[in-house]
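For clarity, chains are labelled A, B, C and D in written order, and residue numbers in each chain start from 1.
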Amino acid sequence: MYIILLVFAAAVTALLCLLMRSYRAVAVCALAGSLAVFVFALFTVAVWFGLLPGGYSALKFDGFGAVILTLIATVQLFAVSAGIPYLKAELEEGTITLSQVRWYGALIPLFVISMAVAVSANGLGLMWIALEATTLATTMLVAFYTKGGSLEAAWKYILVCSAGIAIGLIGILLLYYAVYLAGNGADVASVTWTGLLASAKTLPPAVVKLAFVFIFIGFGTKVGIVPMHTWLPDAHGRTPSPVSGMLSGVLLSVALLIIYRAKLVVDAVLGSSAWSDNFFIFFGALSVVVPVCFMIRQKNYKRLLAYSSIEHMGFAVFALGFGPAGVVFALIQIIGHALLKSALFFGTGNILLAYKSTKFEKVSAVARNLPRLAVLFTLALLMLLAVPPSPLFFSELGIFSLGFASHPYVSAIVLLALVIAAGSFFMNFMPMLFASHEHAQPLHQDKERWNAVHTVIAAALTLAAGFGIALLIGPGGQMISRIISIN
Amino acid sequence: MLSQNAIAYLIIIALGLPLVAGIFGLFGKNSKAFNTAVGIMNMLGAALGACGAGAFLFLQDRGLFLSSSAPLLDLARFFPFLPSHALSVDMLSAYFLLIVNVGFFLVSWFSIFYLPRESDRYRFPWLHIATALFVFGMQLTVVSGTPLIFLFAWEIMSFAAYFLVIADRSAESVKAGFSYAIMTQLGAACLIAGFALVSRGNMNALFLELPPVAGAAAVAGLILLIIGFAAKAGIFPFHEWLPAAHPQAPSSSSALMSGVMLKVALYGLLRVFETVAHFTLPLPVIFGFLALTLFTAFYGALMAAVESDLKRALAWSSVENMGIMFSMAGMVALFFALGGNGAAGAVWIALLVFAFCHMLFKSGLFMASGALISETHTRDLDLMGGLAKKWPVFSGMFLALCLCAAALPPAGTFYSEWIFMTTVASSIGAGAIIGLILTIVISVFALAAGLAAFAMVKIFAGAFLAKPRSDHAAHVGGLPLALYASPAVAGVLCVALGIFLPYFLRGVFPSAEGVMFSGSALMVGGTSFSPLTVVLSLMAAVAGVWILRSVFVSRRPRTTDTWDCGAPLTSRMEYTATAFAAPPRFFFHIFTLPLKKIISQPVSADNRWIVQKKLEHESRTIAEAFIYRPVARAIDGIAGRVKRLQSGVVQFYLALIFVALVVTLIVAL
Amino acid sequence: MNMLISTVSTVLMLALAPLFIGCVRKFKAWLGNRRGAPVITPYRSLATLLRKEMTISEHASWVFRAAPYVVLSVAVLVAIFVPTVFASGSATGNLFLVSALLMVGAGALVMGGMDAASAFGGMGSSREMTIAMLTEPCLIVVIAALGSVTGLWNAGGVVQTLASAPWWFVHPFLVFTFAAFAMIVLAEGARYPVDNPTTHLELTMVHEAMVLEYSGPYLAMLEYASMLKFAVLALWAANLVVPYGILGAGAPLLSGVVVFVAKFIVVAFLTALLESMVAKMRFYRLQEYFTTAYLLAFFGLILSLIF
Amino acid sequence: MNPQLYRPLVDVLAGLMLVSGVFMLGRVRVRSLLRLFAAQSFALVLIAASGAVFEARWHLLITAGLVFAIKVVFLPLFMVTVMARGRVGERMTSSMRPALSMFIALAMVILGFYLTTSLIPTLGDNFFVAAVSISLALLGLLMLMTRKGLYGQIVGFLILENGIFTLGLALTGGMPLLVEVGVFFDVTIGAILMALLTYRVHGETRRADTENLETLID
């Protein structure tokens, strides 16, 4: 019920944004719409948890999905808020035009709609449509700056992701086919996650396994699983920073959620998770190790963050290979990553505005020139590196305590890669933040003013830290495992 | 008599107060008054903590092995959300809690007077909050009862220390901070892996309830844990960060890091040895451990001897000291493996005494050098000199601290090494192979001790003696006593700990095995001697000589020039610290890897014999040359190859997906 | 009684130390076919120094003034702890303590040498400290060998035990140890081949370079300390090699005195003989010297373990 | 109509699709490629329509209509228009010569058939259509992987899409109408976006191939 309101609100926002004539009006529209989306998403989740009366039919949640929807709502609110001062500055500088801002205002709600629907759709077809729609909605955002690099990134993004999702579609068709073969009266016309789970025992294992491979590889493209991740650093590095935050923070998680659901199905069909676990462990480990190689000598801070997203999602994928407990930690990982990585991307926006470059070598002494941002950015960075009380600390600890018990060697490699990744952050970010170089000074020396970006990062940090502390003192962890157990 | 509850409250207040002070300090900018207030709050907290821990230690009558029974004081019951005993204090924790709090007390005291002198280099709020978190992390580490809490606290401690390292925000500091961070990360990773393996995946199990270490996985976990703590303590080959990072921090923080944080790493090791492994380590592991730690002791001392940067030399000396302490821990395990419980007990006590002393003298030395550097504006010993004349009292105090660091009588460190040497030497007769190993152990110890003495003499001589070697050193102002009262107290405590060691030990380990006390005397391995007597006889001898001299000679000395062979003597002619260290640099050149380059440039065009020669001298370290660089190069090489994935060619990206799909299909189905 | 003998013998040693050096010089002169100065010359020169006015460099600090006291006190303490005339069974002369005291003395001397800002002082200091540093492991291993053979850790007790054991118990195993110890004594005493006690050539002196800026009573103290240290250590070495007849190990008073005198003369002669035979080593070749000493000590210890 | 005709008819149409797919790999000019694509899509329309007629699944008619409208008519025309507006040259570059790519296409077809036999055992009558569709998907991928021209890549994506669509028809007899419409909508938007991007790329770099799009390599 509320999800329809959500979609409606977002759609109206998109339309209004296109019609507005001034920047202020677009901003107000976008913010109001975003707030509405946030509220409706919370209502939706509340209904689902039984906190509010209401029902749903075509749209379906599991616990995992509910969390992701909440994350989408939160991060999009943050992104829209952070985008207002960011785009204003770019507009004033003449980097973009008002019409571009309008499109931006319109595309963000569409993006949010598509993600919300992909998460909550029970029907596989609808879900696929929504997932493809996320690509379409964001392509124009990737190409936002209409410069060579942006177009290239957008081209790769749409081509690689569309191809991947098309492969995922083959998987979904095969699931349809499995239901069709089972022929147990289940209507082929409405293949749903719940339906698949319910009739899992009757489905032919061979076809479902095949379908899973296609889904894993296909939607894995969208998650950024190595070796299908190639579009990701380009796209994340080229979009306006608030959008990068959304892409990194939630879009990847949405696709991962879908893979996770497919895993539930295939596990139910096979009666054990041993087969599918190997996928997650192997590709997860690969996705942690490979991006690290790109992070070590990375020259571009947004790309470094993007590779770090691959690594973090890879780590979550890795975690999903360790049974129910692993899922809990994966979810903690996803939540922490969504909040912190998006905050970091928002922060890079301010750095980019001040220094006009996304190269490390062109930026230095952020702590002196943008002291407030530097503090927040550093904190977010540290929490991303799993410094307590970050939730990532608990997920990391938990995942490794599971990992070392069953796959010690793989876990050791992954751990080593995480160390090197953290090292790359220290090697690249800390000089940029704290040291000072002559040739890397900001273009204008205005005194930094507190704006929405700071507020948003601070809020994200507070949420993450609060969540982490909740995990430390107990209730957080129990809550997550309860949420996971609901299907 | 303090009740258990009172002790618990004291410790909890000591945990929390620095945090409050740190947050308070955030609002003070670089104000002196705020700094004083924060310092006093920290001192108060540390004093309370020290009282709590001390009371706990002296009130309990437990066996030598400090946590041979269940945790004695459950702090977690004051925090309903924590599982029972997740925070707890037993004898080992209490001892190290005492160390942490005494060290923190001294450093807070010092920083009240020190930081205002450096207010143009550092931001106080930054320092205050980082210090607060740092100390909070250390205390929490020490009282943690489960791997989870331990790692939680450990990470907070490590990362807070990072911000102390880069506090002056210079490029050099950030670089040093990087090597610190990477090693810390590596160490923490080893700890995570180690605890995961040792606890069989249950990070919430109490240390005491961890399953016995059996099987290859658990032993591997143990080794990883040891590596993790070794990385934090600067054991070879994980030591390189330490001399880079510690000196970059403000001196008060260097004191905390070298004097206190390294003790926390030691605590971790001892906790694991004692509570997790119950000292049952496989012999090969013990031997490997001993080999590395002993080499660390030697190597650290050597590098301290040849280093000309005051704070770096002190940091290298910390490397040496950690090598000594860690190898003592290894010897405890070895003696247990050989069945010599008495000897193990004696070494254990030597180790604990050394740890306490090291906290005192090393934080004292760092604080004192901070005071010194704040006047001379250089860390380079070659640019100091002549300070003993300007600051007689300060230099005397510094000399006393150097004496402690060189493990010479009457400092506590000497007695620690004495107990150790006597115990080890007494056990040499146990068998040929073991005797051989023990002989090597004490030889390396003796060499390290000799090098340490060399290093300390060099540091003192370089900084304080002869003529000033730079303008800054020649025109230093006065040092107020308040500035160095705290290191002076540290020095006095360290010496006093030596002199009154038997009394101290009787208070803490009434029923120790291996070391006995009668009156003022210590008895180890059948031999005994009394530190008090030693000091008294030394004092008596000096006094006697002085009296005799006064009796025979009463003429006042005449002040003259130094003999200068006729040419006016300048400070350029003196031996510098670098020159002083030339012999060890030469004798041990395979470890110091000196690189000398003589650059000669012709000065005039028509006469090629007139050249200007310049000697460039730099030294690499073996770990850097043979381990770090190759590893870094290998990682870079692998990364370079992997980076070809991102070729920029979209067709290739699509091919990757295709290949992934086909391969997965083939492999998985 | 023991206390009395101990005190008397220490005083005796303190009094005889310059004589020992005088004897060494005399023997050395004889060996070089010279008549040599009278054996009491060291007393005279010390007395002369004590009478002289003292000059102190303007660059020197309190360290310069304190060093002679520490150096001399340490030498006196070593003389008390170490069995020369009399082997005390009490626990005061702990072996490790003796080694640490030697290091304290070396450190004090080195600082005194550095303090006057003279290039010679610095050079001598650097070398002296290096020698002290390299001596340390050799000495500790020697100590470990002595201690583990006798089971005792004080200097007097070791000699007593050795004296009470039959000769075949002692010598075969400890021959290496004694050789190493002799090398250490030469190094600590600033004698050939480590240092030349008579040179004042800039590039070769070690001990003399450090005391170059001292004069008058301070120089007397340092010179005396140096003589005392060498005499004491040399006689201690003699007592280790031939422990028999030392006072305090059951020997009657008279024979003890006779034996002491004999050892006194023989050691002085042997020192002189050695100094007449070997040349001073280049400083940078000292690593070979100390490696040899260390290996000898090491083999001594290992042999004592095997047998 | 004779229901026995249904199977052969569909098989023939599928075969035509496959053949056109293979030939498309050999085309170097955009217009001829698009013509072949339109033809292939038309075969798809016929398959869908015959499904509707023979098996009385009438919603497939709507699908067929959509395919006709969009893939046969709209997209080719749209692309031609965009191309003309952008003044992009007709010839497309490829990383291999036409003959070679046709041979590789043949290999892909074999791979597709092999995959279908070994992976989906229970296909029965639908085997040929399924195999064709898998092969078409592979051909689409191959085209994506080998073409440097942006239009070639777009068409490759569309071939992939055609294959998948055929597979849907073969396996399940068509998905729910809503889903099909949705999928179609997505694909169309995707193709339009791609074409627009191509237009912009051409505006930026005066080239319509990926040679200039290989800068992000870190």
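Going forward, a residue touches a chain if its C-beta (ideal position, glycine included) is under 8 Å from a C-beta of that chain, and two chains touch if they have at least 3 such contacts.
Just so you know, these numbers come straight off a predicted model, no measurement behind them.
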TODO: Determine the set of chains touching subunit A that also touch subunit D.
DONE: B
- [ ] Name the most central chain, where centre means the mean of Cα atoms.
- [x] B
Task: Result of counting contacting C-beta pairs for B-C and B-D, higher pair - done: B-C
- [ ] Please compute the C-alpha centroid of subunit B, do the same for subunit D, then give the distance between them in whole Å.
- [x] 69
Task: Centre-to-centre distance between subunit D and subunit C (centres being mean Cα positions), rounded to whole Å - done: 99
Task: Separation of subunit A from subunit C, taking each centre as the mean of its C-alpha atoms, in whole Å - done: 77
- [ ] Just give me the whole-number Å value for how far the CA centre of subunit B lies from that of subunit C.
- [x] 36
Open item on the list: Touching at least two other chains at once: which residues of subunit B meet that condition?
Closed with: 643, 646, 650, 652, 654, 657, 665, 669
TODO: Mark out which residues of subunit D touch at least two other chains, giving numbers and ranges.
DONE: 119, 141, 144, 153, 210, 213-216, 218
TODO: Enumerate the residues of subunit A that touch no fewer than two other chains.
DONE: 155-156, 159, 163, 167, 206, 210, 233, 294
Task: Listing of all chain pairs that touch each other, if any do - done: A-B, A-D, B-C, B-D
Task: Interface residues, subunit B side, partner subunit A - complex - done: 81-82, 148, 151-152, 155-156, 159, 166, 169-171, 173-175, 177-178, 181-182, 185-186, 189, 192-193, 195-197, 199-203, 217, 220-221, 635-636, 638-640, 642-643, 645-646, 650, 652-654, 656-657, 659-661, 664-665, 668-669
TODO: Spell out the residues on subunit B that touch subunit C in their complex, using ranges where they run on.
DONE: 305, 386, 388-389, 392, 395-396, 399, 403, 406-409, 414, 417-418, 421-422, 425-426, 428-429, 431-432, 435-436, 439, 442-447, 449-451, 453-454, 456-458, 460-461, 464-467, 521, 525-529, 533-534, 537-538, 541-542, 544-546, 549, 552-553, 555, 557-564, 569, 571, 573-575, 579-584, 586-587
Task: Interfacial residue positions of subunit A with respect to subunit B in the complex - done: 155-156, 159-160, 163-164, 167, 206, 209-210, 213-214, 216-217, 221, 227-228, 230-231, 233, 275, 278-279, 290, 292-294, 296-297, 365, 367-368, 382, 385-389, 393, 396-398, 400-405, 408, 411-412, 415-416, 418-420, 422-423, 426-427, 430-431, 434-437, 472-475
- [ ] Name, in rising order, each residue of subunit D that touches subunit B in their complex.
- [x] 95, 115, 119, 141, 144-148, 153, 210, 213-218
TODO: Note which residues of subunit B are touching subunit D in the complex, please.
DONE: 643, 646-652, 654-655, 657-658, 665, 669
